[in-house]
């Protein structure tokens, strides 16, 4: 199946987009961030960045959406670049076996979040990057990283979404304060939370995100953002922890590392082959894009791509 | 790095075995199974089955040891062959975020174990295979499967180890009775536990296990035991759940699917390249082979093999 | 209100029985013990043993029912008499904050149950009494204790109920095996479980139980079964732990120590005044008699009795 | 023993104070509130308010200390007076089976704290009283209530202690934000936390607190602050929940309702007989005064007072 051409892949994406358009049960957009609650759930987009810079896409692949937790992947890359393995003193690397915003695990583990992709862990990562820096510096670095990785300067933060999330950030604040109580938050809670909601409020299209993920897929011709050893490790974390308590199911059904966001996007890595982004705003019970996960399962079946053989 | 020859790999294994022999802190053998407690912790073996039937090995690779939980991989393959996806009504596919023998999760999830590789899940798998069969039939099927996969008829159950484990099986019995209380155990508890302790008491050498795992690695020339779609799924489960609450760490450090056993063995799959078995009886805090995990990290670094790029 | 005469109390009981007869929502009998599932839920009885040997009663107060967990109070009295404070090495004295048959707490506390009135704790108590004795000896001692306390030899074990509970004792067996795994069960699990289901299957009437509880109420003229210091401690445990995770609510509404059983009985102690037993087979969500709890709240209001002022 | 005179009780208190002065292992003051960490642990005081307005005392009974969580009792009385039973929509009445500042239970119960005496529950009570009022009004009402109950106008808030607690209130803030995320906090978190740390920073002596608790003991001649039905209910909550996860032990050993504070005070109610306050700053593992609990056990033994017979 390694001989799939760009035209083959375009046809696969078209078929998937066609099938997804016909789906009735599309899940529901997240309601806890008011600005995201009224996104039109009928939208669906998918894009794939291939070796040599080519991008194939279908559906609403040029529509910007809120990347939300997909930002955690890029922030992790930045944090590892800045702090190296000392980051792991503040956050673990194990699947949590619990929901994305659970606080139970934090009490059990004395303020050390299980991994960088649950909310508590992402707050610890952001807090670690913030050390000695202002929020705007950190957000500037994230935007530069994304723009360079995507090869596209038109990537911005939607400040209305950030403000909307900040106004209802009680649960994330509880996580942050709980970590602070254990000495695992170094900056003022409001500063870390404020930075976090802005990183989540970055808006990108499927095409932009697919391109931004090329460095993780190691597709020939992609910008080299981090070392290949680090790429593997980030991919390992995406595979084991990228979909909260549905990570095992995604690995089983799709077989590729991925990271979902509550905005309905999923960034997926097919090592050596492609970086893929799918988006549909309706979520399933675990908080992942319902059609996005279905589309990726179809894509894996159609291409035969899997890291598992 | 794809051009590594058998001679290159032999040299890598020799270097690893040499380094492991010098390790002072080797962990301690499991004590809860009396027959395993007095295994000599100075032992270390590693073997690798390559395309075309070749096997390279180093250290005590021809010494039989108790495969224990590595049997769960083969029993899962048998169960999926017999029951297909209906198996997933009785056991989940998510990392548990807890120890191998935790009962907390079972109460939370009303008797449905998180995945087939924690003890409760393995008991559910064995129970599912038992349906309408006698324990000796099921154990016979497991031995046939292992012998065919390994291409070696000299694979047996150590009945003294089985008896030793049965005599101290309180915790596994608690798990089984708890599932029975939720209707998720169909056979008499003693029958399921009895079968389980015997499957765990299979003895194999590193060389035998490496050959038996070839079908998961899909190395050319290996016997085709299950479909390639199923192979991928079993590998996905090994990667996300194969090392209990150290699964994420193994994925991060080694980057290959693996399954550990309390006897000190770890079966590892490098898709398309090799099936690997490493063994050393001393365990770390998570109940996985201490030197085995270290050796696999060295092996991954030396070969560059990883499913993640 | 301390001047209530037996005639006053008789009238209060009559009014309560009358009101309870009119209740439509009566809860449902326990279904997990098949023999108890078909008890007629329309029944209601209440009896009160007063100073000087007098008993007042109303409703079905002369109908025998399965005392179930009320037996835990008497077994605790026997265990403290035999073992003294060394009993508390095997079981705690704190409310559990969880359901009667939860196993989560056991894992957290390494096999030590929170208190003697949850199932795990009662199993530890029975196991402690069993040490060096046969089940029939222990059950004989319980019957002697009950008969002496009640002043009535017509108290027996319903063996059909015991057999019915034993056949479905998976969850209690799980608790016992889990404690055995932590070294907190000394006898064979089957022996402890067998004794436990028989102690639960004692049948008594409201009148018999009210009389049997006189020693806890310390009403003048009652047989002295244990020291007054020990009486206070048993009463304290009943108040804090006697109704599982509804113990706080019972203390708040009724204000008297009590112990409920899944057979629908509740034994209540009004220190210095009366020993009371109420019975109605339908249970509420916490596994306590629905009408029994309501009746006791009415009784407390009508009499003004409370340990709290 | 009901014939104990004030002189008898004075002698008992003197003996207890003498014995406590000789204790070597006195526990350690709370360290998480910096202002409390340097309180001299050698101090010990005890006072008892008797019928007719008499007070007997021994040791440092006239030294003011920080009442901390003992304030929760009085705030509960105020909240019940203002809101009646609607308060119970926001907080439960069950022992928590967990530490005073656990957040695990809050996640399990969707933001409804188990009882008003753990921190989360007390925050809910304060938040309920705050509704439509300013913090200074609520604190004014608390001080008026305490002064009237104690018959003493010299009761104040130590603002340095409040500021010290506020500066390190991460864990309480986490609890508050978590409740806010579930809609169970109605005022701005900072307002509720700010009021809470000030109510905890009230300073009183043992003599003042003993007098302030008379209405709970219902000793003849005490001011009637709330109805007798409500008194019983508050006492019930103190008995089942007043010492966090040592409440059962206190009920077992002492047999009287009590509420401890992290400042080292314990307020204890002997219904109809006396209101008692004991204080010593060193705490045990459960966060209750180590010598205070010992002294109360001695007092209960010496007087024979117990609500349990």
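Labels for the chains are A, B, C and D, by order of writing; each one numbers its residues from 1.
Definition applied: a residue touches a chain if its C-beta (ideal position, glycine included) is under 8 Å from a C-beta of that chain, and two chains touch if they have at least 3 such contacts.
Bear in mind that the values here come from a model prediction, so they are computed numbers and not experimental data.
**Student:** Using the touch definition from the top, list the chains contacting both subunit A and subunit D.
**Tutor:** none
**Student:** Which integer distance in Å separates the CA centroid of subunit B from that of subunit D?
**Tutor:** Distance between chain centres, rounded to whole Å: 55 Å.
**Student:** With centres defined as the mean C-alpha position, give me the subunit C-subunit D separation in Å.
**Tutor:** Chain centroid spacing, subunit C to subunit D, equals 32 Å.
**Student:** Touching at least two other chains at once: which residues of subunit C meet that condition?
**Tutor:** Counting only residues that touch two or more other chains, subunit C contributes none.
**Student:** Tell me the shape of the graph of touching chains, choosing from line, ring, star, complete and other.
**Tutor:** Shape = ring; chains linked end to end, path closes on itself.
**Student:** Touching residues of subunit D toward subunit C in the complex: what are they?
**Tutor:** By the definition above, subunit D touches subunit C via 92-98, 105, 114-115, 216-218, 228, 231-233, 235-237, 239-241, 245-249, 251-252, 255, 257, 269, 271-272, 306-309.
**Student:** Where on subunit B is subunit C touching in the complex?
**Tutor:** 102-104, 106-108, 170-171, 173-178, 180-181, 189
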